[in-house]
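What follows are several structures.
Same chain, two partners: subunit A is paired with subunit B first, then with subunit C.
Moving on, here comes the complex of A and B:
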């Protein structure tokens, strides 16, 4: 029983990072309907930008905030500079996926060209080990969990309590109708890409802190469980992605504790497949934009 | 060769990859250079392998060419990018064989791709000295295959022998799920019971996971005295950081392969758990060679003298696989002289004759000495960096093993030699 409780704690810690990334990924997908596979490479870019700033002697949490903002801007630039023009020319969604995957690979090799292929590290930023309720977590992990909770709460407030949230939901539900109602869908889309990019950047840096050591593949490797978390929750649903991240994280750690750790990701993905067979639209069913989010 | 190895400067890698390769498609005339295929990843995540194997090629080429080359031909290193992925390796190697003239010897063919590229090179009748540790090659019938490094299962036995020598009777075995790491496992499983040791955990872990905390927790509960571990730098750093966090900062000693003797591994793990652990508690076990022999001095001297390899000479010359590649090239070049032919189909059978011990033979340690002795009509026995070689019927040779430690200069300090005969006995 102790092992189970402990494994759940480990799962929550890794699930928090997954949730950060998965929410950003699914938020952008919900608005733009583009499966953005560059997302993983943008996470890598965030990790390396933070490394650059940490090597300058900057505080890690400050670099995390700046890194998130920079990736937010990069994310908007990716959409405005590459994807939106292609969509404007009528490119099919499947072709766009190839474009995002290609852009991601190019970005990875740009990182390698600049920073080299070697493994990098911010050093040990985990802090003291804390024991509570049968869980064993580091200070760094606790901070990341709290940060994730706070960001998810902020996102919830934006989506449910603000004009912007309404506009995002309307744009997601029907872009043409939203535009004819006077919603500046282009600006809403930019904001969604920006928020998604910020979460992507934060996830990339949080991941680099958590695993202590990383190279240019850090984001793309993480992309698979992150997409699994997003799909498990229901593609395009931020709340689903939050829960999906936690489920994938916890299932991976519990299966590693009780079964062969080599298959921890396999177990999580198998559960995803079974879940989708039972509930094809994911845990949260209908699209978030059409859910009654306002009180 | 098992894993990704990183080197200090990407510029060095590029220079090594390109150095001497510019005329790979040169004419096949009577004095055209002999192309030595360095079949290794030169792109992708394992690209440092190309650097690792280009360096000994450059060193051997530099020495051989300085002494006039082979039968009027200079040697040149020609990178053949196998990318570390069999899907790319097969077309790339096939294309190289069909387009490069005088492609008469090869080195490299590491574990990830050797099973697919080896048969292609063998079919083309190109003798090759491989650095792969695949157990499947222990009893191969590929005529042009030669190996001067131990198979992975023998390495695994050496891990177990060293653990027991250090009085670590209870060990946890944790290997990443890749072909190279897993190859060590049968040797450990065979040897530990014979040595009256206990394996507390035998776990395979995925590479580059976000957390190994659950795995670490199960290991800690069994109280092992040491870890026998194999993983890439990132995986190792994450795993050991998790271990430290969950065990109040206490880490058990780690026994791992000499493949880990890289700046990448050193930097990743030392940043995660501290340099003190790296210097005092990480043991590197792998094939042994002495750095006090004439052959080693020539090898190191060539590395230092050659501008292309000078910067990485100190690191490269402490690792076994490059030394075996260097020796392999010298052996093949001397076999060409013996056979009076640069054709693989002709000189291949002379390879064991270059190294075999025989009455009246002159022991030579360099290509220059061998060339001189052969020109005087003498019999030779080449004893290179890896020491005296005796190939078995399957063209394999596995010598002694050694346990080493990291030094502050990121080189290895040798602690002890592990008997090759003992390893063979335990494996049998």
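Moving on, here comes the complex of A and C:
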């Protein structure tokens, strides 16, 4: 029983990071309806940018904020420079996924070319270990959980209380209709990509903080559990992605505790495959399969 | 055998095995339209099958590796078994693609299968020796004279390519090729014309898988070892780049593309002078160029360097008009052949 509670604690900690990334991923997917596999490499980029800044001596939480902003800008550039033009030319979905995978590879190996392939670390930033509720977590993990909760609350407020949020939800649901209502959809797209890029950057740096030693593959490795979380919750549904992140995190950690730690990732992969084959719209999602590709 | 000579042998063996793999993937993706991002798994299946059927029991060689089976079958038996294993694994992967979901979800499922296979094989050290992989895989030419033993192996790979080429032509040309292309271009229309889409998809995955399996077997027998690090999902993307650059659906184009990417690019970068402060830079450059090439070709010239040639028929529809025979010739009605 104690093992189960502890595993749930680890699950919440890893689920928080997964939720951060999954919500960002699902925002991108909801707005543009394209499976952006470059997301993982952008997380790696965030981790390495933060490494550069930390080595300059800056505070880790400041670097997290700056890293998030930089990746937000990079995401907008990715959409404007690569994805939107291709979607506008009518590229098929299969080719797009190959394009995003290739862009991801290019970005990963640019990181290798600049920073080398060896594993890096921020040093021991996690802080003291805390014990509460039967959980054993480091200060760093607790801060990340609280940060995730705060960001999700902010996102909820933006989506429901602001005009921008309404515009984003409208664009996500039916872009053409939104445009006819006078919503500047390409600007709303840019903002959505920026926000999801910020979440991507924060997730990448949070990963690097909790994993402690990482290399250029950290993003792509964790991208798949994040996609699993996003698909579980329903692609395009931010609240679904939050729940999905938590579920995938807890289930992975509990199965790692009771079964075999090496298979931790396999559980997330299995969840993804089963969801895609059985119920692609996820637990909370609408039927997205028939939506056309939209820039 | 001098260093240069052996390097040429290595290049030729790599070229031959990559050609077989590319032809297999071209059959699945270029001709049949199945985006199999898990292709490298069938190559790995072939390599592992060859290994566990030729290594002998795992207690041998000091018992430093654990794996299932462990026979000492002769070379040809093991290669044929590898082809069958590749076909079987290909079909299993193909079954997951039968569910009608949107194409990029399908591609995602294949990608995840590839990741899962690598993780499971790497994690279970009793199955195929986990992350360390299998080594000391016997080489059929090791007992021969070391001067032309390797060249004999090149000859064997060339023979396999020759056989593979004729087998592939049976599938990419003629009625079967037309059926596969019809299924790729418009599944519903093809089904309406009596093409059994399910059977054709599974068959293309099985045949493509067999090609991949033989490729893996020939490669592992030459290299002598195989581990999960060597079949990450990026390897499928490298093969895809070769096919896309060369020309999907065009056998000659795919062969040229494989030579350009698998040999010239990925081997050529190793000739760049290493820069001391950055290890792994030249290999990284190769992958960067690969990714950029894929994106550039998909953006600007998706047909590849050599376009797919659609068959042209001599027969005309109406008297004196070439209306039916020319444009989009693959769809014009031909007399039963």
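As a convention for this text, the second predicted complex is superposed on the first by the 272 of 295 C-alpha atoms of A that agree within 3 Å, B and C clash if a C-alpha of one lies under 4 Å from a C-alpha of the other, contacts with A are read in each partner's own complex, and residues count from 1 in each chain.
Throughout what follows, contacts are C-beta pairs under 8 Å (C-beta built on N, C-alpha and C of every residue); 3 or more make two chains touch, one makes a residue touch a chain.
None of the values given here were measured: they were computed from a predicted structure.
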Sticking to the clash and touch definitions up top, decide whether subunit B and subunit C on subunit A clash or fit.
clash
Using the touch definition from the top, say if A:148 reaches subunit B (first), subunit C (second), both or neither.
neither
Partner chain(s) touched by A:265 [first = subunit B, second = subunit C, both, neither]:
both
Which partner chains sit in contact with A:3 here, subunit B, subunit C, both or neither? Use first/second/both/neither.
first
Could you tell me if A:129 is touching subunit B, subunit C, both of them or neither one (first, second, both, neither)?
first
In the overlay, answer first, second, both or neither for which of subunit B and subunit C A:210 touches.
first
For A:41, decide between first (touching subunit B), second (touching subunit C), both and neither.
neither
After the superposition on A, what does A:92 contact: first (subunit B), second (subunit C), both or neither?
second
A:14 in the overlay: touching subunit B, subunit C, both, or neither? Say first, second, both or neither.
first
In the superposed arrangement, which partner chain does A:117 touch: subunit B (first), subunit C (second), both, or neither?
both
Could you give the residue numbers on subunit A that contact subunit B in one complex and subunit C in the other?
116-118, 260, 262, 265
Which of the residues in subunit A end up touching subunit B in this complex?
3, 6-7, 10, 13-14, 17-18, 116-119, 121-124, 126, 129, 136, 138, 207, 210-215, 217-218, 221-222, 225, 249, 252-254, 256-257, 260-262, 264-265
The answer for subunit B against subunit A in the complex is residues 6, 10, 45, 47-48, 177, 203-206, 208-215, 217-218, 221, 232-234, 237-238, 241, 245-246, 248, 263-265, 267-269, 271-274
Can you list the residues on subunit A that touch subunit C in the complex?
34-35, 82, 86, 89, 91-99, 101-106, 108-110, 112-113, 116-118, 224, 227, 260, 262-263, 265-266, 269-270, 272-273, 276-277, 280, 289
Seen from subunit C, its contact residues with subunit A in the complex are 35, 37, 96, 99, 101-105, 107-109, 111-113, 115-116, 119-120, 122-124, 234, 237, 240-241, 244, 278-281, 284-285, 287-288, 290-292, 294-295, 298-299, 302
